[in-house]
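Accompanying notes for the structure given below.
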């Protein structure tokens, strides 16, 4: 493979890494603060993708979809958290997993009700169509945009968590809920905010990913696996971990097909398994008892 | 004829007596082909297979306290081994089953070895990872497994039973075959659950740290549970392949591992027959709802959510509490 | 009654958590049949010491010998099999199993019947007899069918002790057995422990905060403070020791 092609593959890896990072950071944040491993996170991603199609169709512009869809997903997240998750915070994690699995079933069929089983596509906005001349060839503008968005989102999360009051509360709550309560933080409200933000991120990832692939019903259960892999490898609850994990898997995705042949998909699972066996806490996670 | 005998008969007919219900169930199942049409016989056959799958998984889930998202892998190993053997090696069903059971148990043993060191979420994640590895292999190894299309045209062989030739292609015959195998397996599992080993599993569920301090290797017993569970899931898979006559890699996808867990929750995971009842309810609901709308998953999802929030002990758990007023005593 | 055989010995035992030395170099030995109380203020390292001996924690340095054999670094279940048993400071049972079943798990382990999968548990006569016997010893024969999660705290401590005894240990570590008990229950527990020492060749180590308990049954007292042993001797010696009083008894 010549160097230019290698670089372009690398950029491909970055592109998929960025959408993965956005969804995975939401997942890991929700786990870190609420202690819930949200199986339905892929469903929120899927909703984002379908909304991308729908809002672009209705409002004529992908940009509107990019702004509105994640907000709608955040709204869905608020509803889910308030009515379905809040009743079960105290119970065993097993039941929480089953509950979020139930949510997957609900959302899948609601999506099917409105959009049917057909595949949908949405194109990137005109401004980002085509290729940017680069290194004697051209690379898709939209991909570069996605990479940029990923970096922006990463910075935004970093800023929110370290520099804002809410962010500090979030970090306090994720390390020790009782301490947080004692400090006068309204924990239920904080949970709602964090979950909504996580849902926002999932929706955003869905919108960004929409022009890059077909929009279809199986997105939820396939995406959640990838997100899990990232979060496990990076460490549950760790945002830097999510970044590293998604970069790794992004590159695996990009180069895997080239080097590893048909079973490249399995390598994601192999990597996940290796981490869980050797270092369950992941690359950046906290010590597992 | 003294009144004593009649008292005995009435005692046996006591609606609280478990034996009463077991006898009723066995009779009802044995006579199914006589009062239900073909479509329903097929339906009940599938229900029996799923019941075995759910009860096997529940050994690990409800009794040992470990939630696996990857046991569809062993079901699939059982199914694919049987299918491949019947299609490409020989139409001998006993041999196919034997090989299927061996491979399913072996894979469960190997995978379980790594998984049982972990707890809760990490355990679930690792079982998920391994389960999806199996799925990928089944999907991508075209030459062996038929790839995305899977195996088609799996035969229903003729069973050579001590000289008696029984064809299994008829719906009724395959039903009875399934009923007998499932019955045997469920009986074995029932004995296991009520054995000393079964009590140890329950104690691991209740307090996996504490068992070590009384001299029990928690990992070793978890592994036994994992492997036995995988073994019987493999039997369910082995029954599934000739039943459906065609199988595809989707039976190894992680959502298929969640289904039997869902069934256990519905029926009740702390009670032996719970998962079987859950399987029946689940499939029945799916069938009924599908009759009205394509959107059966909404309702099933709602049911699942409702049960987690309101009735985590499942239906049988609920009935059990009402009938036996379980509080401080155990029946 | 000390028969002179060394049951437990620790040499230079240390456990560090980061900068904190929870156990900072402990050299002790205990003879067969002794009943020793380990006392000290909160955070002195008593429970950490128990955790090191029973394998719940691995030492940062030092060694543990049981009956002359090195057991340092073994897993809890291996150590339990060798004959060391313990109860926990916070009741640590199997809540949704009955009292009977709780004890039975330990009995099955002792009799090595745990791998029997194809027989009914209730058919194991030896295990049945032994479980009944232990239930009787702790005085809970009539409460066998109650779930452990719903019985009184005092009864739970008794079950906890019964489970520990059921594996027929040579060395028994009791971590605050009377924790949370009222005066009558405490008396019962004291009588029970005294009974154990008199009847069997068992060696007992006892962590206790209740000084009346300590002084009524201990033959020897070891005082820990900030991870180290600051006193070790007969009860009357300890009572008189000024250093101990400063560190600890002064708090009472």
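A few notes on this one:
In order of appearance the chains are A, B and C, and numbering begins at 1 in each one.
Criterion: a contact is a pair of C-beta atoms (placed from the backbone, for glycine too) under 8 Å apart; a residue touches a chain by one contact, two chains touch by 3 or more.
Note that the structure is a prediction, hence the values are computed from the model and not measured.
Counting hops only between chains that touch, chain A reaches chain C in a minimum of 2.
Central chain by Cα centroid: B, whose mean Cα position is closest to the mean of all protein Cα atoms. The chain with its C-alpha centre at the largest distance from the centre of chain C is A. Distance from the chain A centre to the chain C centre is 49 Å, each centre being the mean of its Cα atoms.
Taking each chain's centre as the mean of its C-alpha atoms, chain B lies 42 Å from chain C.
Separation between the centroids of chain A and chain B, computed from CA atoms only, is 34 Å. The touching residues of chain A, counted against chain B in their complex, run 37, 84, 87-88, 91, 93-95, 97-99, 101-110, 112-113, 221, 225, 228-229, 232, 236, 262-263, 265-266, 269-270, 272-273, 276-277, 280, 288-289. Residues 54-56, 75-77, 80-81, 85-86, 88, 92-98, 101-102, 104-106, 108-110, 113-122, 124, 127, 145-147, 150-151, 163-164, 166-167 of chain C touch chain B in their complex.
Contact residues of chain B toward chain A in the complex are 67, 114, 117-122, 124-126, 128-130, 132-133, 136-137, 140-142, 253-255, 258, 261-262, 265, 294-298, 300-305, 308-309, 312.
On the chain B side of its complex with chain C, the touching residues are 188, 191-192, 194-200, 202-203, 206-207, 209-218, 221, 224, 228, 270, 327-330.
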